[in-house]
Amino acid sequence: MSHDHDGGFAHPAPFKLLLSVFIALVLLTILTLALSSVDLGLMGAFGFWIAMSIASFKAALVMLFFMHMYWDKPFNVLVFLSSTLFVILFIGLTLTDTSHYKNTIDEYPRQPDTSTMAP
Amino acid sequence: MAVVEPEHGAHDDHHDHGDFIAHHFDNAEQQFDSGKLGIWLFLVTEVLFFSGLFVAYTLYRVLHPEIFDQAHVFLDKYLGFLNTLVLLFSSLTMAVAVRYAQLGKNGHVVWYVLGTMVCASAFLGVKAIEYTHKWDQGILVRSAFDYHAGHHEAPAGTLAHTLGVSEYLIYLSVIPLLVIIGFAVYAGIAKLTDKPNASFFSVCMAIAVGGYFVGAMAGHFYMEVTDGGFGGRSEAAAEMMAYENETHSDHEPTNKPVDHHDESAVDQQTAESKVAPYQGPQPDEFDQDIGIFFSIYYCMTGLHAIHIIAGIAFLAWILWRSILGHWRSDYFGPVDYVGLYWHLVDLIWIYLFPLLYLID
Amino acid sequence: MNLFGTPMLAQSDIPMPESAKVHSGSYWFPDQASAFAPNYDFLYMAILWISVVFFALIVGFMIYFCIKYRRREGVGPEPSSSHNTAIEIFWSVIPSIILVWIFYAGARDYFDMRVPFDDAEEIYVTANQFNWKFVYPDGDVSKELHLVVNRPVKLIMQSEDVLHGMFIPAFRQKMDIVPGRYTYAYLAPNRVGEYRLACTEYCGEGHSRMRTICQVHTTEEDRKNTTKWENEKHVGWVNGERLFSINCSGCHSIDGGVKTGPALNTIWGEKEKLIGGEEIMVDENYVRESILEPNAKIVEGYGPVSKMNSFQGKLNDKEIGYLIDYIRYLKEPDKFPGRDAQAEPTTATAEEAGTAKPEKPAETENSIDTKTEDQDN
Amino acid sequence: MATAAERKKLFGHAENNYLNCTKGIKSWMFTVDHKRIGVMYLIGVTTALFLAGVFALVLRSQLWSYDNTLLTDKMYNQMFTLHGAVMVFAFIIPSIPAALGNFVLPMMLGAKDVAFPRLNLASFYLWIFGTGFLLFAILSGKGLDTGWTFYTPYSIRTDTGVIYATFGAFILGFSSIFTGLNFLVTVNTMRAPGQGWFKMPLFLWGLYSTSIIQVLATPVLGITLLLLIAEKTMHIGIFDPKYGGDPVLFQHFFWFYSHPAVYIMILPGMGVISELIAVYSQKKVFGYSFIAFSSVAIALLGFLVWGHHMFTSGQSVVVTLIFSAITFTVAIPSAVKVFNWLATMYKGSIALTTPMCYALSFIFLFGIGGLTGLFLGALSTDIHLHDTYFVVAHFHFVMVGGTLTALLGGVFHWWPKMFGRMYNDMLGRVSCLLVFLGFNLTFFPQFVMGARGMPRRYASYDPEFQIFHQWSTIGAFVLGVGILLGFGVLVYAAFKGPKISGNPFGAASLEWQSSSPPDFHNFIHKPILCDPYDFGALVYDEELDTYIHREFMEPSEQPEMEPEPQVH
């Protein structure tokens, strides 16, 4: 970040920009909601990925402008985004494993659990 | 080369130290950069903290899609949507608060931080309605899951009965009520003892926590209007029923609304033939593991709610310092840091909303 | 208890089976009693020698440098380069190549240990705190594992409470037993004798007492005659239940619910309507036929072509018998001996429901103690 | 340049220093000074070490004979659990980073403090509370008998103090996170002007890599323990098979943290060793950037190998293969470090002082610990060795032979800086010898036992193994005596040892450019930035009996020849 002595290191985001980001976020939320109501099965597996893509786009908007990533040091951005890498790693390897031994769980006879059902 | 010079005279060429620069920093910018990196790293730990729940969610959703299909109809997506809007708006006010802190306009910061806090409380209010409604119906974590369809009436004569709300809601609301009363009383005392800042702060806090009741009333009103809520559910289930009715036209079509406010539906269900059409949620149709969805739901939203509460505490600290007029263009770090934290809470919700409420 | 045949133990007065005396483990290893053992021992020794060579080099240089370059009056450090990319790459790459080989060798042998044998004897293992139970294909039950030499075995293992681990050092085989699912272990005993079998996954108070024996017999007859079987013969329907859950439960329910195939809980002895309109009595023959030739007679509502695959060659007569027992049991459970009849330890269901209660040490410990003492004396 | 009087003020023995600049218990309890916090941590982790060490000796006593009745099975299980939990969570993880790191890191950077001093103090108090909760699990009367891993479903079924202990570990986790976060920020933003990344001492690289792991992995431990508490109190059905959960999933959660945590334990130790070898060989570290990058590489690769703790757990074959393959890649950077240390000694001027003796025994013991890792990384051998004493011996060679040895070496190295007094070097070396011999005697027999099939966590065992266990028990007591001796030597020195000046060992990193003990502000002057391993930049000041940077000497005073470093 360049350091100019007049403005200090603050980068106030323009009010209009923030407002338009908010409006975009609201519209995207409505879009997700609408898609989930309308499609119902037609989208199939894609529905999930579309919803996730929209959520990620919203997240990107929040991060870029609300969280000032747009003006922030690249190192900070790298630090934060690297966390998602580790989350993906965590999910990915664990899921790979469980999906491979899932069949051994499915074939195991489980007693229906009634012990904790309230009367 | 004059290497031996007193350390404390070494910074004369730097611009003035502000009041808030800690002794071990050379200048305001180093302090700000340190804080900023620190908060980003903290957010990294937060992301990884939540990651465990996302792993649990992903695994159970991939391995047991059926329990997610069965369970999500219990979540009202319009209430989720309302909460998303509230949280997005609070993010906006927070971002604006940061902007004014950067410009050194403390008065503006006060109002926008207050707005953020009201939204945060309102979010919790809506959440309280959602939770208590589920508790009434026995929609709990895996081991305690004991769904019983229908309206839960509070025993006659209780306050909950008079208000037409859940008993649990009354219990939950006691806490914010006490907080509000506490702040209101303290505001009066501070006023009398001539502490205008403290008085103003307490009034603001009372208003901020009051947002809880706004949210709760909005949620309750929605529940009343939709006759027990379940906006998402009735719609989805109705369409599914229509679909089932087409494919199984030889069977008695059941056009009964799916909210099953009476127990007769259960009997009807058992009387059905072997190949019964989908009827909406009935206790005996569930996979026995359906409660795991709600375990994950409660863990995720519960942990998120705890973060909201912590956020309110941080915001209160920012509010107080704004009232004292601490912020200026070279010292606004705390507002920025709390803002980043708040946006992260928003970010997590942005993912939770489709993951929990909008399962197809 | 001498299960190991080491000289150290041989000194003790404990009487031991003849077979155990002829074996002795080497310095590093217990007896080699399974087909996996030579591979394991080879790889172990290979890594050991690779490590010894590297270690000797490192420590040798370290000591040499300490002497040669010890600090002396008036002698400073000699100048030498502070980095040398060539040599650093050299000593990164050489170990890498060795590591790749170790990984390959380990993975290759691992596959041998985890891939099922074609015609393995299937033995069901049930572990609980802190006992073992082994159920053989013909329904015999024992508290020790009894195998026949050169007959490969598949252990189908389940736990009734917490994690356990099945470990037979002489076979170099180990597998955890995870509650809520089956885990499998494959054994290829190739040497007669008695070997240790121990629990290796910490399971609570009596963990270290959860030890038993794996005895490898010369012949099937030997096993049949010399083994001390548990008195209670395992009843058929319990075997059938297990087979059902693995083979049938995907398509047939036992609670009256509709799945791909008809529910089986109430059909025994009833007349079922077939597709052609005729009726048939559900009896041994019909069940057997349905398992082996699913298409022969299909119940109305599930046709016209059966979605069921034939189990010809997958289930033998004895197993089909167990399944028939199980279907009969489903209809009239009262007429069959319950699970408890086989002195099977009760599951901890009731205990687990509320706050955990202390275990019943008296019962459990006794059973362990008697077992170990039997062996000792 | 500075006059002799100025030099004495800057680099001599300081009577007014951080230890006595303010007085009273409150001035320590509420201090935000990183040096004081480091000292308090040192006292804290030493206490934890002794506590857990006593547990260990009780364990070893029980194992003296194959059917000993010193402890009941239940007590034995509690004892090894507490030994493991206290050692891991309260001692090893905070030991080098929080105690030595806190003291040394800001000074190595030429900074006045860490970036967030109050957070630093907070993390110390979190450590206190966390350890307190962990110990409360003992005092609550029920003990704790799950093993430090808290594996489900046993941890859900047992009625012992799992909730206290997990909550304690949860708090300790946050203590660790805050320390790591603080260090990351400090290294990033508070390096002395002109101190580039590759001008940092290698100890800082070790700490930096450690902090990366602390920040990234520890939160997962937090959520794992929270979920475990929820599972235990409410039965949420994520880990409990009775309610549709999956116990193996818990192991994934747990090891996603706990494997990287192994590197939290060893990486700072490696950093300390890099310093010690360089200083006591008076040689620039060989292959600086290889060592630096190998630390970061180990930290990142450490996240990809957690499944190697689960080869027999019911993990699928595919994932097992992946984890095994990646496991071997971690071996490379570790090996590179060892080779580079040796190359640093080559043609050096090696002084076998106490810290150097510890460093050499580190190389020996860590060598064994690392190489035996190969047996456990290879799949077929791991099947046999998993959950046996072989594993116990392996990780003790790494954690005790590695981390504890490095900690002792580091403490002996920086002790004169901390307290301004010198210890008895001969007794220090004797303590090192006792630790070395005792340690090998304790754990080497365990390799043999493990290979022959002795399972771990056994209160009683087959008589075959008795002789090995007896050797092991004798060794454990020798090890205990060695550590106590070292402790005694240090404590005596802190109060009664001969006073000493700023840089007695001729080390070139910045923390030595101060008085001993350091001033409250660390440096009275701005330290002169130089390469941390440029020992040629130092000259010997006879009057002060210490080494100082060449630029502080008058030209006339500078000796013409290189000074020979002195051995104390």
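The letters A, B, C and D name the chains in turn, as written, and every chain counts its residues from 1.
Here, contacts are C-beta pairs under 8 Å (C-beta built on N, C-alpha and C of every residue); 3 or more make two chains touch, one makes a residue touch a chain.
Fair warning: this is a prediction, and the values are worked out from it, not measured in the lab.
Q: Give me the ID of the chain with the smallest distance between its Cα centroid and the all-protein Cα centroid.
A: Chain nearest the overall C-alpha centroid, as shown: D.
Q: More contacting C-beta pairs: A-B or A-D?
A: A-B
Q: Provide the C-alpha centroid distance between subunit A and subunit D, rounded to the nearest whole angstrom.
A: 37
Q: When the centre of a chain is set as the mean of its C-alpha atoms, what distance in Å lies between subunit A and subunit B?
A: Each chain reduced to its C-alpha mean, subunit A and subunit B end up 16 Å apart.
Q: Suppose each chain is reduced to the average of its Cα coordinates; what separation in Å results between subunit B and subunit C?
A: Their C-alpha centroids are separated by 48 Å.
Q: Centroid from C-alpha atoms only, then distance subunit B to subunit D, rounded to Å. What do you get?
A: 40
Q: So which bits of subunit B are touching at least two other chains?
A: 33, 37, 41, 44, 47-48, 51-52, 55, 59, 143-144, 288
Q: Enumerate the residues of subunit A that touch no fewer than two other chains.
A: 75, 83, 86, 90, 94, 98, 101, 104-105, 110, 113, 116
Q: Hey, what residues on subunit C touch two or more of the other chains?
A: 180-181, 183, 349 - these are the residues of subunit C that touch more than one other chain.
Q: Using the touch definition up top, name the residues of subunit C that touch subunit A in the complex.
A: Spelled out, the residues of subunit C in touch with subunit A are 158, 180-183, 241-242, 244-246, 249, 347, 349-350, 353.
Q: If we count contacts the way the header does, which residues on subunit A are in touch with subunit B in the complex?
A: Residues of subunit A touching subunit B: 3, 5, 7-13, 15, 18-19, 21-22, 25-26, 29, 32-33, 36-37, 39-41, 43, 47-48, 51-52, 54-55, 58-59, 62-63, 65-68, 72-73, 75-76, 79-80, 82-84, 86-87, 90-91, 94-95, 98-99, 102, 110, 112-113, 116-118.
Q: Flag every residue of subunit A that touches subunit C in the complex, lowest number first.
A: Those in contact with subunit C are residues 101, 104-105, 107-111, 115-116.
Q: What does subunit D use to touch subunit A in their complex?
A: 188, 216, 220, 235, 242-244, 246, 248-249, 252, 256, 303-304, 307, 314-319, 322-323
Q: Going by the contact rule at the top, pick out the subunit D residues touching subunit B in the complex.
A: Listed in rising order, the residues of subunit D that touch subunit B are 1-2, 6, 10, 106, 111-117, 119, 177, 181-182, 184-186, 188-190, 215-220, 222-224, 226-227, 230, 234-238, 243-246, 249, 252-253, 521, 523-526, 528, 551-552.
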